[in-house]
Amino acid sequence: MKKSYTTVLALAFGFILIFWAISIDGSVTSFINVPSIAITVFGSFAAVVISFPFDKIKNAPIVLKNLVTKNDNNKQELVETIVSLSRLSRSQGLLALDAEIEGIENTFLAESMKMVVDGMDADNIREILETKIDNMEDRHYIGQEIFLKWGELAPGFGMLGTLIGLINLLGSLTDPSTIGGGMAVALLTTFYGSLLANLIFLPIAQNLKTRTEAEVNTNEMIMEGALAIQAGKNPRVIEQKLESYLEGGRLKEKPEATVASEEREYV
Amino acid sequence: MKKSYTTVLALAFGFILIFWAISIDGSVTSFINVPSIAITVFGSFAAVVISFPFDKIKNAPIVLKNLVTKNDNNKQELVETIVSLSRLSRSQGLLALDAEIEGIENTFLAESMKMVVDGMDADNIREILETKIDNMEDRHYIGQEIFLKWGELAPGFGMLGTLIGLINLLGSLTDPSTIGGGMAVALLTTFYGSLLANLIFLPIAQNLKTRTEAEVNTNEMIMEGALAIQAGKNPRVIEQKLESYLEGGRLKEKPEATVASEEREYV
Amino acid sequence: MKKSYTTVLALAFGFILIFWAISIDGSVTSFINVPSIAITVFGSFAAVVISFPFDKIKNAPIVLKNLVTKNDNNKQELVETIVSLSRLSRSQGLLALDAEIEGIENTFLAESMKMVVDGMDADNIREILETKIDNMEDRHYIGQEIFLKWGELAPGFGMLGTLIGLINLLGSLTDPSTIGGGMAVALLTTFYGSLLANLIFLPIAQNLKTRTEAEVNTNEMIMEGALAIQAGKNPRVIEQKLESYLEGGRLKEKPEATVASEEREYV
Amino acid sequence: MKKSYTTVLALAFGFILIFWAISIDGSVTSFINVPSIAITVFGSFAAVVISFPFDKIKNAPIVLKNLVTKNDNNKQELVETIVSLSRLSRSQGLLALDAEIEGIENTFLAESMKMVVDGMDADNIREILETKIDNMEDRHYIGQEIFLKWGELAPGFGMLGTLIGLINLLGSLTDPSTIGGGMAVALLTTFYGSLLANLIFLPIAQNLKTRTEAEVNTNEMIMEGALAIQAGKNPRVIEQKLESYLEGGRLKEKPEATVASEEREYV
Amino acid sequence: MKKSYTTVLALAFGFILIFWAISIDGSVTSFINVPSIAITVFGSFAAVVISFPFDKIKNAPIVLKNLVTKNDNNKQELVETIVSLSRLSRSQGLLALDAEIEGIENTFLAESMKMVVDGMDADNIREILETKIDNMEDRHYIGQEIFLKWGELAPGFGMLGTLIGLINLLGSLTDPSTIGGGMAVALLTTFYGSLLANLIFLPIAQNLKTRTEAEVNTNEMIMEGALAIQAGKNPRVIEQKLESYLEGGRLKEKPEATVASEEREYV
């Protein structure tokens, strides 16, 4: 699992930008107000804990680890691996794949191939793999949902804090000239709520969603490949099928495709 | 049914946090205003009663009981139970399961197995169980909808209360120096509406939604297991199928899986 | 068709609450302003008339009648009726049902059974009944849409009225001390728009939606029952199928279910 | 194509209402401000042009013609036409329909019947007609989307205009007593944006959507009818099928339905 | 690939309009404030980078190229090409198409026909082409998502900037007469956020979405055409099928359609 710090760097850059903007006409210390932070962060967190079963929330920090994980599902490489497995299977039979499974890095592909080698029938394999993909999606979905919900609730608690500040301020207003400072403090929670939502929670939720979609797509490609191997399909047909999952396709760059068309050997 | 008080504790924590925030610069008593509470709570409740048939609303308090119920559908245990039932069925026939049904805690599994033992055909069982799951989902959905709607309407009634306060205040404004106190009172309903929505109603609606989704997923797993037993499938295939519903899968931790692959006994 | 006045009573209660809240610190008469009501109510109604073909809007008042109609589709009773029809059909043949159709109160069940007795084939019956359910849903959907749209447009016209008031007020502002009264009047349309949306239009739209969903569910149950009778299924299987549509199911409370399982007579 | 001016009249009524409301406490001329109108109308139009390929936008005015077109798809008449065609086909063969096609007003029905008479097979007819319906829906959808988008963007540009006005006003504020007039002008663009969205664009988008849904429903009914004629189904079965698309159904009002049930002649 | 500058021109027109509106009562230079632009543009960009894997964001500028590309998928011409290919195939066999593939401009049609000529079976071709379409849609979808997200986040960062400005302003307010200028500067970020969202990001997201939908529709038409050629269908049936994808259809304008109906030669 290679690391990728783009997400973390962008987060740091966003915070530095905000600090810089604050410091142009003011001081960062005047933006640090413990009660304001407490209401916004812990209040919205309490609402998040109410919103989800606790065992789901416990897993949320684990999900965060994904943010520094480089998605190393190189789809191009996976296609090549699957095609070479299909060639081996066509020439030496399905059982010859048994020795290869050990060396497969991608867990989902390894599990898929083991079922193929074990002789499980195609319907069972498809059912098990589809259930796995669905459930992986569901589990990741909860992670996204937690951050999405937090991102939706944080501005609400920011506004609650500002309302508390305003009501206290207006209720005891004797000297109108002091209203400015009170308003500034009251607005701090709105600022925190908006900052948490727009720079942290909503982008993280979107990041997790995009990662899940990419992983589902990759696993569907792997499933189709494994089932095609089991069905004993022509390696070249398998290659074309799997390449339809790749970004730009490769059909055009392959001069031998014309040769292939002359052979007309597809089955 | 074990109890879990996380949800209730988070709710209490949220309220304590809000009270604490109020008391820093003001007094909690100045936030208690009976007419403001009446408009926000009863006004939005009237709108909720208009929104749903009354017999659905009567059931809403029952649904709240779920918030302190620990979801004891231990999926791992359920998988083990179903696999052991499938072993019994393979060795001694479907009728041998009859004695086991009594001891099954999970109602949905017990009902499913009874139909299997009673010799009902697979299509009928699937149809009945799917209808049960759909209707359970529909019934729970109404519960969520009620709290979601309440959470959407509460800020609306909060704003209505604030508008009433503002219009009365501005319409009879003679001494501008008194406007602060009036504004503070007018803003109270906005505060209540936002508090009810963000700390209570919307999180509860989300909690009920997450629970329903988990229960639907568990019941679908049970249905697949029951149908696989009826079809007389190999217990090991059933185990693999059901494990695809579990969080992390178990395939990797089981060294005997390799043994299994050597037997190649799947049917 | 029994009547149920819960919806109307909740509406009345909501208005009384609002009037009471107004009268605490002000007078209800200062909230009555004919031009403000005209802009909000008729302006948003004009936009609703633009939004929908006129013949759909003409039907909207008819739909309102539903709000005082008690949903008398007692699903438990319907299940019993269908099961007794299935018993009659098993013992005396489908034609024996002809005499019973007259006595069936539920129109959809009567129409379904007539097609069964007339010997129409199962595919045609399913197609006709599904089209009926779909089209009933579509027609009711338009009713909901009209109130939902009105509920979305009313606050918009409320804001338009307030903007007109503010622009007129600010454009001719000579004596700042008079601004309060003008603002109060300008805010009235926002108040009306919000009241219409939150207490009347949006709750009514939700109410109609919930009713439609319940009716669709009941009619699907009736369709399944009619088709099961035509297929000559075992009355007890039909009973179990239909009971999966009921709130809590009844399986557990029926001791004879065990007897049934001993007979193993399902076909 | 009969004309229906309800939509146009409601639009005119809405504008008259707004003018009347303005003139109560102010003058209509003070609401006419060319730069404000330019920003709101042309600014949001520029954003609409960016949002859609230009050839789609060119077609938008054509779509507006629909707003004064009375939907003359009298479904009751269409059912009668189709049923009489099915009777003719049963008695004299499919080719006898050829002479009737000329007289069919509804283009979609005429095209469907031509394919039936031309002897095209059922799968091809269904495929072609479904593609036609889908593509008609897609084309109309773009029209709705353009007005919906315009309705979403207009308030945004209204707010942009108000922000420009406010920033200019506040940035050069020397005499606070002049702020009222400047605010009034700044608010004008918000007023225009809200008026365009709530009275014109959003209602028109909804109107087009409702019309498309009605046309899709009618065309699906026609397709089912044409396919039933080709399959040589009993005219009475066809009648019942198509009537399930009609508003209230007619089954109950037809005393001869009982006679029909005695004949039991459905095939 | 012909160019179309409508989108770029509309964007330029929008900016000119905004500059003109600013310059009526103020000066454009007072709207240029580097820190405000930095917070809004770079802050929201940082949040976008957090939201998506970096390799997706790298591709976003490429997608922008599409905005000046005229969609040259002339569907009418494509239909004619496919129909002429089908005539050739009927008269001289599928292999005769091999020489034609070179001359086909549309890449998707060329790839589809190559598979047909290579003798791949219909199910494989459909699967590969559908996967290609799905994955093309997914890839384009990410491009839209990035601009949509940016358009959603920009106003959030605009508001954050305004909050920072307000808090600094109010916290250090000593001379109330200076508040106007500070407010003007604080509102600038809100102005930028709203301008970026409404004139640039949201319209571009919509433009990309509309283009993708059009391309998916065209490719589905090509796929149906290629499969119909492989199945050896009658060229005239193919023509009618594909024409159901065209804007207004052509059936009516073709007098020879009547002749065709006399031949009744469809197979």
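We call the chains A, B, C, D and E, going by the order they appear; numbering starts again at 1 in every chain.
Here, a residue touches a chain if its C-beta (ideal position, glycine included) is under 8 Å from a C-beta of that chain, and two chains touch if they have at least 3 such contacts.
Heads up on the chains, UniProt names are A, B, C, D, E = Chemotaxis protein PomA.
Because the structure is a prediction, the values reported are computed rather than measured.
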| item | value |
| --- | --- |
| Intersection of contact partners for chain A and chain E | none |
| Labels of chains that are neighbours to chain C and to chain D | none |
| Same-site or different-site touching of chain A by its copy chain B, using the half cut | different |
| Centroid distance [mean C-alpha coordinates] between chain D and chain B, Å | 39 |
| Interchain centroid distance [CA atoms averaged], chain B/chain C, Å | 24 |
| Multi-chain contact residues (two or more partners), chain B | none |
| Chain A - residues contacting chain E, complex | 4, 6-7, 10-11, 13-14, 17-18, 20-22, 24-26, 30-31, 71, 177, 180-181, 183-185, 187-188, 190-191, 194-195, 197-200, 202-204, 206-207, 210-211, 213-214, 217, 237, 240-241, 244-247, 249, 251-252, 257, 260-261, 264, 266 |
| Residue ranges of chain A touching chain B (in the complex, touch as defined) | 35, 38-39, 42-44, 46-54, 56, 98, 107, 111, 114-115, 117-121, 124, 127-129, 131-132, 135, 138-139, 142, 145, 149, 153, 156-157, 159-161, 163-173, 176 |
